[in-house]
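Labels A, B and C are assigned to the chains in the order they are written; within every chain, residues are numbered from 1.
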Amino acid sequence: MSAIFAAEHITKTFGRGRSQVQAVKDVSFALAEGQVTTIVGESGSGKSTIARLVLGLMPVTSGKMIFQGKDVTHLKGRARAEYWRDVQAVFQDPFSSFNQFFTVGTLLSRSMRLVGGKVGQQRLAESLGYVGMDLSVLGRYPHQLSGGQRQRVMIARALMMRPKLLIADEATSMLDASLRVNILNVLTDLRDELGMTILFITHDIGQACYLADRVLVMEHGVMVEQGRTDQVIFNPQHEYTKRLLADVPKLHEALELEELHEIVEPS
Amino acid sequence: MSLRGLPPRFWVSAALVGFIVLAAVIGPFIVQTDPNATVGGLYDRPRCCGAMLLGTDNEGQSVLANLVYGTRTSLIVGLLAGAIATVIGLLVGLVGGYRGGWIDDVLTAITNVGLAIPAIVVIILVSVSLPKRNIYTLALVIGLTAWFWVARAVRAQSSSVRTREHIDVARLSGAGFWSILARDVLPYLLSYVVMAFVLQVSGAILFESTLSMLGLGPGNATSLGTMLYWAIAWGSVRTGAWWAFVPPTLMLTLIVFALLLLQSSLNEVFNPRLRRGRAARKKAVTPGAPSEAPLVVGEPEPVGAVGMLETPTSTGREQR
Amino acid sequence: MGTLVDARNIRGVYYTGGKDVVAVDDVSVKIEEGEVLGLAGESGSGKTTLGSIISLIARPPLHVEQGSLEIDGKVQELGGDAKVPRTWRGAVVSMLPQGAMNSISPTKRIRHLVYDVMRSHDRKVSKDEALDRARERITTLGLPARVLDAYPHQLSGGMKQRTVTIISTLLNPRLLVADEPTSALDVSSQKILIEMLLEMLEKKIMSGVIFITHDLPVLRTVATNIAVMYEGRVVERGPTERMVDDPQHPYTQALMSSVLAPEPKYRKIRIEGMSSFDRSLFDAPAVIHR
């Protein structure tokens, strides 16, 4: 399968002089078309920065990004708006990604302008359909929706552009587990039915394992390991990945705790 | 929001402001006396009724007529200057806070310089050098020197709104710079802008009366400050003609008090957490301590502007 | 070992202008000496509200309409206008609220916090005494003593959370109520915090813990018993392994099955999430395992 997007040696530095912080250090990866690629990392690993760099929401300090054979490293103005028709995103916080003064209808009609009026109207119903909603949601304000509904509206918003690449930045981490599975299923359906390429960013290896075709592991701005999901999760090579996997609490087996004490059993 | 949920302080301040506005707008029609007409002698005592209710001033003019016209002048200057300051401050703060980068650096530098210069000195110097002083030039001068605080408060707010994800969503939806400013940033700080405006109005009214008291008032209109200027110049304090200086002083105090009360009650309306009493103020939480307040904290306090816009009256009450 | 805490028939209601919201509806929980009770549930299930009622910090608009709390044989009425003795809060029951590590004053060193907490219970305690106690506690629990002199921002998230946990138990409360203490932490820091909590129990710094979280795998590691809450009620309760491996209530079953772990079986199956319209899931009678 060919790569739809490639990042070559991208680096992002924040601040100047002494307070300089390298959030992303010389990271290279490729996203295969029609696959779900997951970036796994803990807080401060730079994974969300990568999302914003790929989206062109902030400029890279150095390196190169290629989308469908074109250099998209430094897009501006109209070219960037074009790019956003193909590359869309869903963010982490289902509260703060809504403008609380907008109804769902207002939110979606804004995106509609990017694709043009008539086409937009058609896609509106279609996109809401994909996430299991209908037009009755348009008159609602965000506070009248549950967290899961809000996140589905956000996915619908992204889908209106029929993006070729969808970036989900911790899009499920603030949802309850039962709703989370529903959203993950929506994403896999998009991949399977529309052939959409998805970059899913998460701190939760469990979700990566459920969803991803490929996994990239980040630590302190460095990409330490990447490969097929089965390889990375069930046969990790890098120390960091191994430790991460060892520390993940599991449901059906007790986590191995260090030091002398053991879990206190009921007496 | 429902009207019933508004705090009593809001209704008190609204009634006071309403009374003042009525006095300024309808007052002249009720009194029906030219404030520049001589209706009596030097400092005639108040007597019933009509134009002589508050006696006469040093020129034998009706104090009551001067009072209502003066209130009108004060309100016009206050509203105009407040509007000018709020609009400029809003624009500078919004653009700087949202845009960031070098534009923000420049705007912040200008704001800080402006804050460091004592406004009253500038106003006095400019007023002295103006060829013609009327209430509009006065409002303009006051407004142009008072926007710095608004800019700073708005900047703090808008740069914190900038980090919200809905801004990214708006950008990805293809919204332009001004559209995002007006529709995605401004609504989030509208409540601060309203409060800042009220404060600016009361500040401008005080500035105007200060200038007038120094004899730098508008040449073509009576104002509360000019009444005080003449009262002092003609020895009303010494001769015990209290009716010449007490009414304008009281009116000024009432205006400023009503506006500050309005501002602090609006603060309560916009931040319902303040209404929940002491719990909301407990920002630094001590885990495990037997604090009076619940240790469960809500969303973080918005940065900067709340504190900046809080007047002594409101903080005084909240910290009781 | 005997019963440490016996909370009975707790009903907590939020009086919000128009309509009242029943957040905790006639819930009883018992905690044995040395036990960690995991309180699980999704957002809005009432688990945090129950935690704040048991830790005696219920405040308007939350009102405790009925219920009693028995600790070490002493019974305390909670409902209505019942007055809770000042000495109970913090010293008998202590709460570690959600996000506590991010709400400590950023301008003060940790030792100020220590002194404030100690002094709020004992006006006469000297600065040195308070600090000595904290230093001893901190070092025995494996943290460097220098955290006392640090400002909050100088500590990592995991370190900060461990520090506030230690401070919230400086007064040796009988029961610690910890609300989502691990949720904002990376997995490695989660593990260390859990290890520390269990060590504190072993050292009898406190005698019982209510661990509130939505994260079931974490509870699997830390809890002795798990109670699952939904819509203000406990729908199932029992020993951890039983709850995890063989849940009886349909809601618990759905909850457990929606947990995703990095295990090979999750590569092959498609899990269907819960539909909030399926009432049969929620209306089944409660299950209490002995």
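Please note the rule applied: a contact is a pair of C-beta atoms (placed from the backbone, for glycine too) under 8 Å apart; a residue touches a chain by one contact, two chains touch by 3 or more.
These numbers come from a predicted model, not from an experiment.
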Practice task
Quick one: point me to the chain whose Cα centre is farthest from that of subunit C.
Solution key: B
Exercise for the section: Quick one: name the chains whose C-beta contact count is the highest of any pair. Expected result: A-C
Exercise for the section: Please report how many Å separate the Cα centroid of subunit A from that of subunit C, as a whole number. Expected result: 31
Practice task
Would you kindly tell me how far, in whole Å, the mean C-alpha position of subunit B lies from that of subunit A?
Solution key: 47
Exercise for the section: Would you pick out the residues of subunit C that each touch at least 2 other chains? Expected result: none
Exercise for the section: Mind pulling the residue numbers of subunit B that touch at least two other chains? Expected result: none
Handout entry: Of all residues in subunit B, those that touch subunit A in their complex
Key = 164-166, 168-175, 183-184, 187
Handout entry: subunit A residues within the subunit C interface of the complex
Key = 42-43, 146-147, 176-182, 184-185, 188, 203-210, 229-230, 233-234, 243-245, 247-255, 257-259, 261, 263-267
Completion exercise
So, in the complex, the side of subunit A touching subunit B is made of residues 52, 55, 57, 81, 84, 88-89, 91-93, 96-99, 101-102, 107, 110-111, 113-114, 154, 157-158
Handout entry: For the subunit C and subunit A complex, residues of the former touching the latter
Key = 1, 32, 34-36, 42-43, 157, 186-188, 190-191, 194-195, 198-199, 201-202, 214-218, 220-222, 224-225, 239, 244-245, 254-256, 258-264, 266-267, 270-274, 276
